[in-house]
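In order of appearance the chains are A, B, C, D, E and F, and numbering begins at 1 in each one.
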Amino acid sequence: MVFSTKMKYVLSSIAQRIRRCFVFTGLLLGPLSVFAQETGESIKTAAVETVNSGDTAWMLTSSALVMMMTLPGLALFYGGLVRSKNVLSVLMQCLISAGLIGVLWVIVGYSLAFGGEGKFFGNFQYFLLEGINPDSVSGSIPTYVFVMFQGMFAIITPALMLGAFAERMRFGPYMVFIGVWLLVVYCPLAHMVWGGGMISQWGAIDFAGGLVVHMSSGFSALAAAYFLGKRKGFGHEHIMPHNLPLTIIGAALLWVGWFGFNAGSELAADGTAGLAFLTTQTATATAVLTWVIIEWLHRRKPTVLGAATAAVAGLVAITPACASVGPGGSILVGAGAGILCYLAVTLLKPAIGYDDSLDVFGVHGVGGAWGALASGLFIADFAATDAGWGGQVWIQFQSIIFTAVFAIVLTLIILVVLRLLFGDLRVDEEGESTGLDLTEHSETAYSQEA
Amino acid sequence: MVFSTKMKYVLSSIAQRIRRCFVFTGLLLGPLSVFAQETGESIKTAAVETVNSGDTAWMLTSSALVMMMTLPGLALFYGGLVRSKNVLSVLMQCLISAGLIGVLWVIVGYSLAFGGEGKFFGNFQYFLLEGINPDSVSGSIPTYVFVMFQGMFAIITPALMLGAFAERMRFGPYMVFIGVWLLVVYCPLAHMVWGGGMISQWGAIDFAGGLVVHMSSGFSALAAAYFLGKRKGFGHEHIMPHNLPLTIIGAALLWVGWFGFNAGSELAADGTAGLAFLTTQTATATAVLTWVIIEWLHRRKPTVLGAATAAVAGLVAITPACASVGPGGSILVGAGAGILCYLAVTLLKPAIGYDDSLDVFGVHGVGGAWGALASGLFIADFAATDAGWGGQVWIQFQSIIFTAVFAIVLTLIILVVLRLLFGDLRVDEEGESTGLDLTEHSETAYSQEA
Amino acid sequence: MVFSTKMKYVLSSIAQRIRRCFVFTGLLLGPLSVFAQETGESIKTAAVETVNSGDTAWMLTSSALVMMMTLPGLALFYGGLVRSKNVLSVLMQCLISAGLIGVLWVIVGYSLAFGGEGKFFGNFQYFLLEGINPDSVSGSIPTYVFVMFQGMFAIITPALMLGAFAERMRFGPYMVFIGVWLLVVYCPLAHMVWGGGMISQWGAIDFAGGLVVHMSSGFSALAAAYFLGKRKGFGHEHIMPHNLPLTIIGAALLWVGWFGFNAGSELAADGTAGLAFLTTQTATATAVLTWVIIEWLHRRKPTVLGAATAAVAGLVAITPACASVGPGGSILVGAGAGILCYLAVTLLKPAIGYDDSLDVFGVHGVGGAWGALASGLFIADFAATDAGWGGQVWIQFQSIIFTAVFAIVLTLIILVVLRLLFGDLRVDEEGESTGLDLTEHSETAYSQEA
Amino acid sequence: MQKIEAIIKPFKLEEVKQGLAEIGSFGMTVSEVKGFGQQKGHTELYRGAEYEVDFIPKTKIEIIVSEEMAASVIETIEQKAKTGKIGDGKIFVYDVAQVVRIRTGQTGNEAL
Amino acid sequence: MQKIEAIIKPFKLEEVKQGLAEIGSFGMTVSEVKGFGQQKGHTELYRGAEYEVDFIPKTKIEIIVSEEMAASVIETIEQKAKTGKIGDGKIFVYDVAQVVRIRTGQTGNEAL
Amino acid sequence: MQKIEAIIKPFKLEEVKQGLAEIGSFGMTVSEVKGFGQQKGHTELYRGAEYEVDFIPKTKIEIIVSEEMAASVIETIEQKAKTGKIGDGKIFVYDVAQVVRIRTGQTGNEAL
């Protein structure tokens, strides 16, 4: 008997136990949903589907591009913005998102998001990708490719949040936080929007993840920033980015990778993928241009950090909308993102006074919500839905509200529980002023030789 | 009525006015061409064409790769070479090229390059990509994908020039300069070479842009370096690269992205794309080897900046030739690029005494011209043209001369006009010695925390 | 007559002489093999094969991704780990691997690896890719694409070794070393494993290069580290990485590029490519998680360098196994890599006391051997071979032993010969303490302006 | 005139600067240094190897003042830079023979 | 012997070095510092927030010379480092008790 | 009290530190500087252009000690930092008027 068969046996009995335990949790969460308990049923993909090599080629590429967004893209974007004593902690938090979520996703995450027919979340039928093999097909691509493409989304989304509580959160609690958050916030939302759940039944447009990825992380980030409190010195000390070129490399790689994110979400290499690619580029370019002009007028100088932030804001906003607006619409989406995120970061944040250190809420929360709305607002003729213009806008609006509330409430609950378990989620004062690199990882980013 | 229809109405009346205004400009530029005024005709691509998913997959990827060449590739390559007080200004100039040209391209650039049948330039039929939709096909790929692939070329080309006047040009005039240059120099050249205009009618070989991209930017850069004058301290102070590792990252990403640039120019994933990929790699490798050996002999030490410069020189030179020479020919192209660009940078520049700060002319101008010539000189049997060997070389020679003169003359005209409009195009002495990052953007690249 | 025809004539008479000379060498190496002398026979690929655009798209992309692994991936990964006075020398060694091997590969390397039917090595039938043209097909992709994909492997493998003797080897001898090593160690191994030679006849599984790439470089690196001796100050001075963020960027780009390496080794965009992509991601994620946990327990702090090292270790280990294990198996491969490489780097190295400066042996040697074993150990049902479970494990074991001995012995022979030719392979003491950047390349990585 | 040289914890610089601004307007010159003393360093880990790092980042402030002002400057620095924990740093005082302001050629107290 | 310590604008270093080379051959030690004085700093922008940065990059030159040479060294620095604009910097002079050349063990003026 | 300021070759720092630890427990402050002297610099190449770089990386050590200890500290530095090759560096000694330990307010020898 081949080794892996034995191993499979061991693993599936573990699986059984875990399932039971989750079912129990499901009962606790009962009010939220009828927990889908069917397991072991055969995979949904019909036997008649065949793999298209061109679509597969594009989806393999897209998956790699989305991975590049987290590592090194996001890691650098955030890493350059913190002080040099904390840069490694940020890189580590991105790395461990890939490490932890990368494993969790194939074990239960994928199944929770894309298994079964639940209204709020999936089931455990694909526990450890049971029932999927190299011949399994989803649409016109191998199912494994679909699993991985989605897995890359699952890796970047929790990592997006870390900007909100950068420079102060302990590493252990962070790891637990993102793991739990994935299962409790991300997977259900992915299921509701893309896995056939409630929001998809409403008919919401969220092509590549304005709701699932950006609003979920952006609003959760806001909650976490409040919950963890401000950085020592915030508001009176000069807390400045230690290495803007790193940030620009990061933003640039995010931009490049985002083509896989958005055009890849078509799951095929066709005209709609082409449209998504084009609107992504145009919206982003417009956001950059808009922000630069506003900042020039408002502050007399256009900054490169502003331009980079605008690029990310534009990319965020076009994410849900990239296949439902045309080139003209994408210009409006980008311009709106430039204006709204500028206002959020420059005026809203100081007005309210929270310390969302790297502006996750201002960029992903606000940009994601704007994009989700704009997906309906500027819908192109060729993408017209049955709901009609007004109806679609209303659906989008509802989805935005639901997602915001869902993300904030569940994130706060998770954090409260974690505090009960771990005590303080922040490093102590001494550790914060020494920097997280030394305190949490016993490392220094840059060193001078003798 | 769906929102985007209303918007389209507003935008197309704007379009009308802009068209009129351009027609007027066209009249002024009358001597150069009979301005193609037909607008609104249906797109050229025939209805019978269908999308090939494999070709589309490769072209989506190639477009992303070419984007990566500008951001972060070129940005880092140039950014590392300037002094640390100017690094952000270089990054910003690359970012804004993506921002400004990214928008301009879908509005008028694409149409000016690929619309109509003009001898010198295109028309306005695709203003805001009118008449193109997700179902439009060009060859075997969606038209939107072709638009984007070409758009990435349009973004990098103006950005290439900034190396010539780095560390001294004001940001505002720079923005206007590249915008105007795109419309007046780049789009016409793209039209003449790739859009069915004059040079393509001559039968010139320019597979991926030796003339359109590298000679145009390289010779314009020379003109701009002369026009703007030398940097303060040039020639007697030590002006050294502040961060060579950044430059190497940039060169490496340029190398990787260039496979999309060259092999992507086949617009399909086939044997010719394979050839272009191979010759790109071989020529570049040879150029690196050649430069390293020459420098070793000439200066007793091979430098890493030399090797990186050689890589770019090899990539530039093989660009026009990548599909018309074989493996052996590509070795000769690369060796020639190594030798000629080394001479241009090491001997020609100090001899003439201009301050082309980052050697745009020596690398892109000289390398591009050499490549364009070599496209004919080393033409492989399988790529033989009707013109015959000698005839083709002569055509290449003519195209080189035309492009060089065209680029220099128009660039000088643009700069003269800009000086009349903006006054000095350079920052003042104080600003130059403080550095452009602070002067123009109120930012510092690197900061040490308390 | 077209120029290239003349050139081809000149080149092929050179080819004749080189062949003769190699044949002579072949006689010297006679005991090892009957040297395959048939040249000029037509290429193996049958005329009936046609190009699949989707597979080609993926293989073009994969080739670019593997190039990105060396430059900038590996260059940065290693560059960040050395002291700042040596960073350029590391970047240069990577660059010249692309330069030198890039040329050598199309001249003789490919032919030595994939020409003819030899047991130990190939022949010279494809000298300068003779007989291959844009219409040549290998499997479902153009032969040129196959040549390039393999060429990228040939570039990265010698470069992997440099970590073992970083910060002390002279540049000239290094160049000669990697060139000779390619022809004497790499090409034969590639032929034996992938080109139809001995090891493939045994039936060994080495999907993407655990033996050919990682064990070969890892064990050769060990030999080279011993041969060159320790760095000055090793063991008592603090020799620390000068820039960990560079290292993390490098590790991240290695990770991303590795999808091309592993999933590209399927040479098609299909379900198996999807599997290879998935197992690559899962094994790597597991390795990161495992290492972080072990280090946390063992040293009380999880480090980011540890996590990055683990990622590379996971990637290395899954390389041979990526298409023969399932998702569950890939978790075991990754966990094993995390544990074994951690032990190798943390305990084995100090115990034995060699100075493998950047742990090439600990990561690539140990990880590669583990992966090669695991390819059989955890073989999935769908990948079951005729040899049966036990039989396959035994075959894997034999291949591992053979590769280790082959690499070590030949590398030592090469180094002995080089020392006879060049004298000391190391820079002198003065040069080592000044740093290789200045000593060997007359450059400084970072400079502060006035 | 006297030179007052203070080695302090980096994050105290801003406070010291503001404290000095309150008692008068002083020019100063600041640099980054590494200090070694009773305050113990930290352990760094690299690939499993442990290194003891003894040197701790400190900030050096140099202020040249007239004899009269010296005492109050010293006192202010003492107050503002103090955390009470080991490693707070030292103040060293030296005599200055001469001062020149380059721009004007003024010398002595006038040059400060 | 005396120590001449000059805080100057960074881009003046080369000129000062050459000026000194003309009047004799002097060793010197140079470091990067940040200065605070009458010269005002600049504003930096980060995501819309404005920060006033008071510290300005300066270069510190330290030269130990014999008493006889001190005056001409000071004069040379004064001339070469001067732009006439605010922030040109200062020259501070201290007495040196002893000098040793490590290589030879020479002391005093011989060690310079 | 005296200030002993030594400009040494960077790779000698560790040895000097250990040498000093053997003769007693001294605090010290270290910084990176660039030196100019008889030791000649090097040539750098950038795109074929050659630049002469005169400044050489050095490490500056500052130790304030009581008068009694000064001699043995100087001697130790001399021994440990010496390679016998040009560029070994210098030791400069100055008088210190006053020392204060910020944490405790102690002054004079007690503050060291």
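Note that in this section a contact is a pair of C-beta atoms (placed from the backbone, for glycine too) under 8 Å apart; a residue touches a chain by one contact, two chains touch by 3 or more.
Please read all numbers here as calculations on a predicted model, not as lab measurements.
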Starting at chain C, how many touch steps does it take at minimum to reach chain D?
1
Chains shared as neighbours by chain A and chain F?
B, C, D, E
When B-F is set beside A-D, which has more C-beta pairs in contact?
B-F
Roughly how far is chain E from chain F, going centre to centre by Cα mean, in whole Å?
18
Centroid from C-alpha atoms only, then distance chain A to chain C, rounded to Å. What do you get?
34
Taking each chain's centre as the mean position of its Cα atoms, how many Å separate chain A from chain E?
52
Taking each chain's centre as the mean of its CA atoms, how far is chain B from chain E in angstrom?
46
What residues in chain C touch two or more of the other chains?
52-55, 57-58, 61, 237-238, 240-241, 243, 249, 269, 299, 301, 303, 305, 441-444, 448-450
Contacts with two or more other chains occur in chain F at residues 11, 14, 31-32, 44-46, 53, 94-95
Quick one: which bits of chain D touch chain E in the complex? Just the residue numbers, please.
3, 17, 27-31, 64, 94-103, 105, 111
In the complex with chain F, residue positions of chain B that touch it:
238, 240-241, 295, 298-299, 301, 303, 305-306, 309, 342, 345-347, 350, 359
Complex contact set, residues of chain B against chain C:
52-55, 57-58, 61, 65, 83-85, 237-245, 248-249, 251-253, 255-256, 259-260, 263, 268-275, 277-278, 281-282, 284-289, 292, 299, 301-305, 307-308, 310-311, 325-329, 331-332, 377-382, 384, 389
What residues on chain E touch chain D, complex-wise?
2, 6-8, 31-38, 54-55, 58, 60, 74, 77-78, 81-95
What does chain F use to touch chain B in their complex?
44-51, 53
